[in-house]
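Here's the structure, in structure tokens; my notes come after.
Chain lettering (A, B, C, D and E) follows the sequence in which the chains are written, and residue indices restart at 1 in each chain.
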Amino acid sequence: MLESGVVSAKPHIDRSGPPLLSVRGLKKHFPIRKGTFGRVVGQVKAVDGVDFDLWPGETLGLVGESGCGKSTTGRAVLRLLEPTDGSVHFDGDDVRALDKEGLRKLRRRAQFVFQDPFGSLNPRMSVGAMLEEALKVHGLGGPNRRDRAVELLERVGLRSEHVDRYPHEFSGGQRQRLGIARALSVEPDFLVLDEPVSALDVSVQAQVVNLLEDLQRELGLTYLFIAHDLALVEHVSDRVSVMYLGRIVETAFSHDLYRDPRHPYTHALLSAVPRPDPAGREDRERVVLTGDVPSPSDPPPGCPFHPRCPNPRKDGRCSTVYPGAETAGDGHSAACHYPYFKV
Amino acid sequence: MDMKTLTEGRRMGRQLLFVGALTAMAACGSEPVQRPIPGVAFCQEVLPAVEAYVAQARQANPVPDDPRYGGTAVLGSIGELADGMNAAVSSDYSATQHQQFVNLMTLIDYDENLEPRPYLAERVEIAEDNTSVTFHLRQDVFWHDGEQTTADDVAFTYEVVTNPLTAFPNAAYWDRYVQGSEGVEIIDDFTVRIHMEPHAEFLDPFRSLGILPEHLLGDVPPQELKQHPFGTQCPVGNGPFVFYSHSAQDRWVFEANPAFPEALGGRPFLDRYIYRVIPEQTTLLTELLTQNIDVYSGVAPDQAQRILDDANTELVDFPSRQYVFVGWNARRLQLADPRVRRAIAMGTDRERIVEAILQGYGTVAHSSVPPFHWAFDEGRIETIEYDPEEAAALLEEAGWTDRDGDGVRENAEGVSLSISVKYNQGNQQRQDVAEIMQSQLADIGVEVQPQVVEWATLLQDINTPELRNFDGVVMGWVVEFKLDDMDLFHSDRIDQPFAWSGTENPAIDRLLVELGTAVDRNMARELWAEYQNVLIEEQPYLFFYFPSRLIGVSSRLENVTMDQRGVWLSARDWYIDPASR
Amino acid sequence: MSDAQTAGASLLAVSDLRTWFHTDQGVARAVDGVSFEVRGRETLGIVGESGCGKTVTSLSVLGLLPQPPAKIQEGSSIRFEGEELVGASTKRMRALRGNEISMIFQEPMSSLNPVYKVGDQIGEALRLHRGMNKRASRAEAVRLLTEVGIPEPDRRVDEYPHQLSGGMRQRVMIAMALSCEPQLLIADEPTTALDVTIQAQILELLASLRDSHGMAVLLITHDLGVVAEVCDRVVVMYAGQVVETGTVHEIFQDPQHPYTRGLLDSLPSVDDPGQRLRSIPGTVPNPIAWPHGCRFKDRCSLAGPGCEKPQDLVELGVDRAARCWRVES
Amino acid sequence: MSRGPETVVEQPVSGYAASARRPGGRGLSAVLPGLPQLLGGRWGTGAMALLTWLGMGLILAARSDRVLAATAGGWDQRVALATLLLALLASWIWSWREVAEADRLKTVGVSQWDLAVRAFSKNRTAVAGMIVIVGLYLVALLTPFIAPHDPNTQYDLLTNRLVGMSAEHPLGTDQFARDVLSRLLYGARISLSIGFVAVGISVTIGTLLGAIAGFFGGFIDGAIMRFVDMVISFPRLILLITIIAIFEPSIFLIITVLGLTLWPSTARIVRGEVLSLREREFVQAAEALGYPKKRIILRHLIPNALAPVIVAATLGIGNTIVLEAGLSFLGLGVQPPTPSWGTMVAAGRNNLLGAWWLSTFPGLAIVFTVLSFNLVGDGLRDALDPRLRS
Amino acid sequence: MTQYVLRRLLGAIPLVLGIATIIFFLVNLAPGDPTLLLLSPGVTDEVIQQMRENFGLDQPVHIRYVKWIGAMLTGDFGYSFTHSRPVADVLMDFLPNTLILSASALLVAFLFGIVLGTIQAVRQYSAMDSSLSVVLLFFYSMPSFWLALMLILTMSLYARNVWGLPIYFPASGMMSTDYEFLSAGGKLVDRVKHLVLPTLSLALVLMAGIARYMRGSMLEVVRQDFVRTAHAKGLPERTVVFKHALRNALLPIITLVGLYIPFLFSGTVFIETIFAWPGMGRLIVEAIFQRDYPVVMAGAFFFATMVVVANLVADLLYAVVDPRIRYE
């Protein structure tokens, strides 16, 4: 296991070429049904118009509080959930227009790693069977799939004798490695990582994060990293998007976002994160938001954040007009009429 | 009696009714028990009248000072009195019995020698040439609502039951009577004459046909009679017991009729008689043994010993008018030859079966004539006895030999002598018959496959002339005192539902016709003996046995007489031992 | 409020607590010799990874563990205001619970009874311990809801838990815990199930209530950030034992035990991104078979010959200790 | 496959190792299969193997004539012969292999099913029920070798009818002087097959339809589930009576009809499971990996939805046996002379006060069989539910 | 709420109609003709034809079906062939009896099932727990008609005649033959005495399932966090179990009511026969055998309706006790 603590430089990411993944106006609404006949009485607007690009080899972090739509975005991009509206292009192909065969091909190139290490593995399948199945379905691994399965296990830091074991015989961290191995089995270019470490203990989190970084470097993978832990996202991501009520409110290079949050929500979010540093706790400026997140079935008009917004410049425009996300020259965009700027 | 008296009689009835209503109202205060009255207009009209009449009659006829009077007797049986007291449409044994002995009255009944005896008719005149019979009615019989029973009622009843629209179930009764209104003549209020052609045992139908009240049912179209509330919801009779209440599939409650004619024994001893429906025999036995019922009608033979063993119960057994048989479908290749049918009879040990299944409560049957019947003469019939060797020989003779050594005989074409025997579900005795036959006939190389079929389906299988989907069928048949096998065996009726066997035998045809018209019993006896011998030779049925009817009776119930005339024969004489009331 | 508690006086003293579970597979020594002290008006944090025994410790204090399978071993002592709670009568424990010592839990959704109104649930303890009648307890419940910052308390008091948001439910739990003015509040992962912005609200509320009510808080958490934000002193637990104690500053700025250090190192740092994370290898051992000797040695980068024998807590100063032979007192 | 040496395993995880550790375990198992396991503390499976082995041996010894004759006998005798040999072989091979290959078996992972088996084997009442059931099925299959008399032979109707218990007829004779014990044994085959086959039919149909309804949802789901609702809301007995009354009751009809009316509850269970499984991430993972729908249903959904189905099926077998008895009460059961427990109870019930043994023994047979199925079902429920297992 | 009930009832119409249709065709296509059951020798074809006409059987099945559905929607269920009365009247006689029996069986079964299940859960793994399980399962495993007969023999016949116990129960019927002469109190006692054995026969079978369910439900609830909260408040064990745990554990039990109703109705077929209880189960079975189509169809219709209503009631009850559910 690589535990050297060596700082490894990431290869340069070329953002002048075409993006690997390009998402525009993505929407996913879930109908609310009632009664015997399933009348649709409303829509939960889980994702309500999301745009982002992702270039080969980079990691885009997607953060937000629970219910903001980040997981739904991740699933809708890979059509694990059928998007309601918008476009998704993967390597130039229109994902929403793919037929069955095209979808199958997409799923070899784009994979998903799930949050719950206990729920994401079929409890009745041995590790070997699980990995071999993926190979078999996609006709990979040649005649000796078992060898390939063992290879995958070793690649994610498990041992070859684990191949006949069952998921429940592994610890949470090990299971997450298994989930990664399964995703890697089809040799994808792109992984959606949906809160891959949030169910793990801190010390194990670090193991898995390191593994993911190693894999990215070695295999040239592209990640969409979904998480609610801001510090972690900052650590792993090249760029970060912050979501609130189904929309991206701010996107920036991670360094910039944390030093210079422009959207009042991002600002509040960052200030709310407890820092493992008792020294500065008394004199740290902290913004405590009031109230709860509104229901996504009935989002406020205008800027969805305006009812809780602490921005002193807030005015009537906020409650009527949705602020578009203008991308500044530094690649930093914030969907706010009155963004904060560092003076 | 002329018309005038009749109207007077009716008026008198109405006056009585009025008085009765007053007394009933008075009685209401002291007597909180209220008769349940069904929510049907007819009943709501009729039952209060009955109530009033009974109350009045009670006052008029005080209970004699005799300890035997009083108390309630309960009889339990597995089935409902189907169609209740509606004599025009009912065919159920127990229901008919209640019509005869409990709630209604018949024109005549039988004495212990099964000879006709006056009942509602106090005198019966038969024309010299046997073409008509005249009934002179008693003049002291009143319907339970106070109206008098008259010749109108008899004429009405006769017309109704002979009207095809009514669909009277025992239509064979009237084969040789002049049917409809031409057949009946009201001589005067209490005299009625019925016309017929001469035939055997012509009085028998009037023993079982309860007379119905014309004043209540006269306006009912015949085809609606079956659905009329009279039958099961508020019958109004004229017999020894007055209908009190009925809850379906549960109980019938009758009360003593205080005004029942003194000459016929007067008011019954019991205050109340209750008929209860208890469908499960173990429950019935328990109820008898725990003294919740006084009479258990229809004891299973296996339960008999238990009743005999108990100090508080007695067992009454008497020959029933029913026989159990296996009807052969002679249209089938295997059964077409009478020799095969005789061989089967020889290969079946019926003595033993009676002993085993009926615990000896029954007699082996050789023909359709019950042993107690006057037409029965053992000395003159040649019975087939159990003889497997002879049976085997007969089968060989008929060309059935076990050619492939599998234990079952085949004929020259290789058709094996394999017969399915159907019986209806839920009848243990018939199932037993089929099972024992299967075992016994295997010894002579005949394969029997018992097959249980649900009752309605079975009837469809065997009764539909185009279908006749059976080889053999285990059935029971109830005979009247007037024996008549026309429908069963006469070749003219081979396309009628009951010609199960489909045999055609000129001798049988001839005898059946002659028997039907033989008025003289002495002459008829000869014919019956001949008929039975032909029947035994022909074997359209394998007659099994006449089971005895077994009745468990609590020892506190006295004066119980039961014989082939019926279970309820002496119901009006039953009384509860005063010491154990 | 009792006069016995002035700041700094010992309120709860746990010593050599051993809570074992008897299971089919064997004896799980979930808590295996834990000692610490909570003083009046302070916030003591117990921090550790899942399975280290921190929750079992807190439940042992109130005697809330089902027995069997749990059993507090002979020689364990839990003293509250000098009174021994191990072996105390059920009646005494009941009188204490919710009254002198209260507790709030991780899942505010499932910790409230779904079929009773929140007002009833808050008032229940008041009626039980304070002998209030229904009306008085309801009025008090409204006051408490106001105090924990729930808008429209008059309306909310008659609502059912499912009608409230996660943050509000935790506020209700806090109101319930505060109802009898306890001297000690045990908060077991009170913000783990909440979002960061709500977590900030709740932590702020807890801190202000601690000050206004003058109570002590025993905070159980796995989140070092939360500890750093609100605790005065910290107990670090690993494998059923206390591995290090100290003030919050000592623990964060000068961790002595390799585990504490490893834990802090494995946190991604906001100030230093791009740095490869330093993880602790391996996984938390199974409580049925703790490793022999030092329980951390299999994961410890410094493990050596001295780690083969069981480690004792080495006193490093006032309220300062670490369970490692390498540290020098 | 190579067999490892008998080594001492460091940490006994299960009884495998325990029995392997016992010196001479292999030799012991060669003579008395099940004994090493029994001594190793796995009394349930051990006793089952040992009893099977001993029982089969006993039959071979005591009824060698019938066994020999069976080679040329009818199909049921051949089935009995096959059962006898298979049971002997199975108990021996199982026990021996387990002892001999303990090491190899230990390196293989422990599946959910293995865990369930372990949890189940700790439940004493359930294991007792299991032993009874396995014993019953063996007895049923081996009846031609065991039964003292022919079930349909009527002995002398005058002397042998309704005789109580005797050496010749241990459970007495019935109204046709047939041996009640023999009929009881033959009845076991009928009653047990009715339960087994009917439930087999219903589970197959129910599982497939439930999985399809749950997986595809929408109109298919609606149509299937409305039909399920309809069948479920109807008192099943009345439906059964109607159908059986229409056709002539035969054992095949009864089995089919019972099977065809039982499936809706299975379908409901499976649908519910599938609906919740669909939300599970491993199913989403399978979709993300582009697996075909058929594969997802058959390999990922159904195996995981099966636990409650197995429980329901076990309980269902018991219920079906009781239901068959009920149909017999109404005269719609299996046709005579074929003995089924239900028809025996129903036929003997009028004689409860006279010849109590007629319905009491088959009645008790039903009670204890169904009780065993229920105990096993309960045991399985606990064993298969990971939440209850811990 | 009212709207919800109405919507549910409306939604149930296709269900009930579907059931009625299945039964109609099953029964009508069954071989066997009701007229054949009433025939005696000597009938002419004319009479048979007349009878069929009187019964309305002279038309083809599909016409009869349409007519039947049409009539039923107007509340007319036709005439019973065997009872010779309007079917609606017949049902009105039998339905209350079945309802009394079912209701008392449900009551007893749920009462004891819940109590026993709770005891089992509270004393999980104790000897009491397992022996209660086995005893309840013992009754559950009996064919219900056999159980009923055993009860009759022991609690009626032997109790009275052999053991001479002071308390024994009548083996049949709904009331004594002298019922109407009893005082009001006497009437009540009499009816209860008659209810005991049939109720017990039905309830003993149901009880095992309910207790088992209750035990599971209770065990699941006591593991939940809010029970720990209740303990943490210092509530006595009794309050925790009976106030906090029990009410939550009862929630899933309520849905059992709806599930058990069809099961119960099936049971009444046997129980009503054995205890001579004039109820619907017996009525329908006898009607099937007698090919009394109008009664079978109306009875099936009523059973199905009652199942639907029972489910609805269960759902509404659920809403009453579970504040999380509100129907609009």
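One rule holds in what follows: a contact is a pair of C-beta atoms (placed from the backbone, for glycine too) under 8 Å apart; a residue touches a chain by one contact, two chains touch by 3 or more.
Just so you know, these numbers come straight off a predicted model, no measurement behind them.
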Any chance you could name the chains that touch chain B and chain E both? D
Compared with chain C, which chain's mean CA position is the farthest off? B
Comparison of D-E and C-E (more C-beta pairs in contact): D-E
Innermost chain by mean C-alpha position: E
When the C-alpha atoms of chain D and chain E are each averaged to a single point, how far apart are the two points in Å? 30
Quick check: how many Å separate the C-alpha centres of chain A and chain E? 55
Taking each chain's mean CA coordinate, chain B and chain D are separated, in whole Å, by 51
Chain A and chain B, separation of their C-alpha mean positions in angstrom: 89
Can you tell me which residues of chain C touch two or more of the remaining chains? none
At which residue positions does chain E touch at least two other chains? 30-32, 149, 153, 157, 289
For chain A, residues that touch 2 or more chains besides their own: none
Interface with chain D, chain B side, in the complex: residues 281-282, 285, 300, 302-303, 305-306, 352-353, 355-357, 425-428, 431-432, 434-436, 438-439, 450-454, 456-457
Could you pull out which chain E residues touch chain B in their complex? 30-34, 36-44, 46-47, 50-51, 53-54, 79, 82-85, 89-90, 93-94, 149, 152-153, 156-157, 160-161, 168, 170-174, 176-178, 180-181, 273-276, 278, 282-283, 286, 289-291
Taking the complex as given, what residues does chain D use to touch chain B? 152-154, 157-158, 161-162, 175-177, 244-246, 248-249, 330-332, 335-337, 347, 349-355
List the residues on chain A that touch chain D in their complex, please. 75, 78, 80, 103-104, 106-108, 111-112, 114-116, 119-127, 133-134, 137-138, 161, 164-166, 168-169, 179, 182-183, 185-186
Spell out the residues on chain C that touch chain A in their complex, using ranges where they run on. 49-50, 165-168, 195-201, 203-204, 222-229, 231, 248-249, 252-253, 262-264, 266-270, 273-281, 283-284, 299
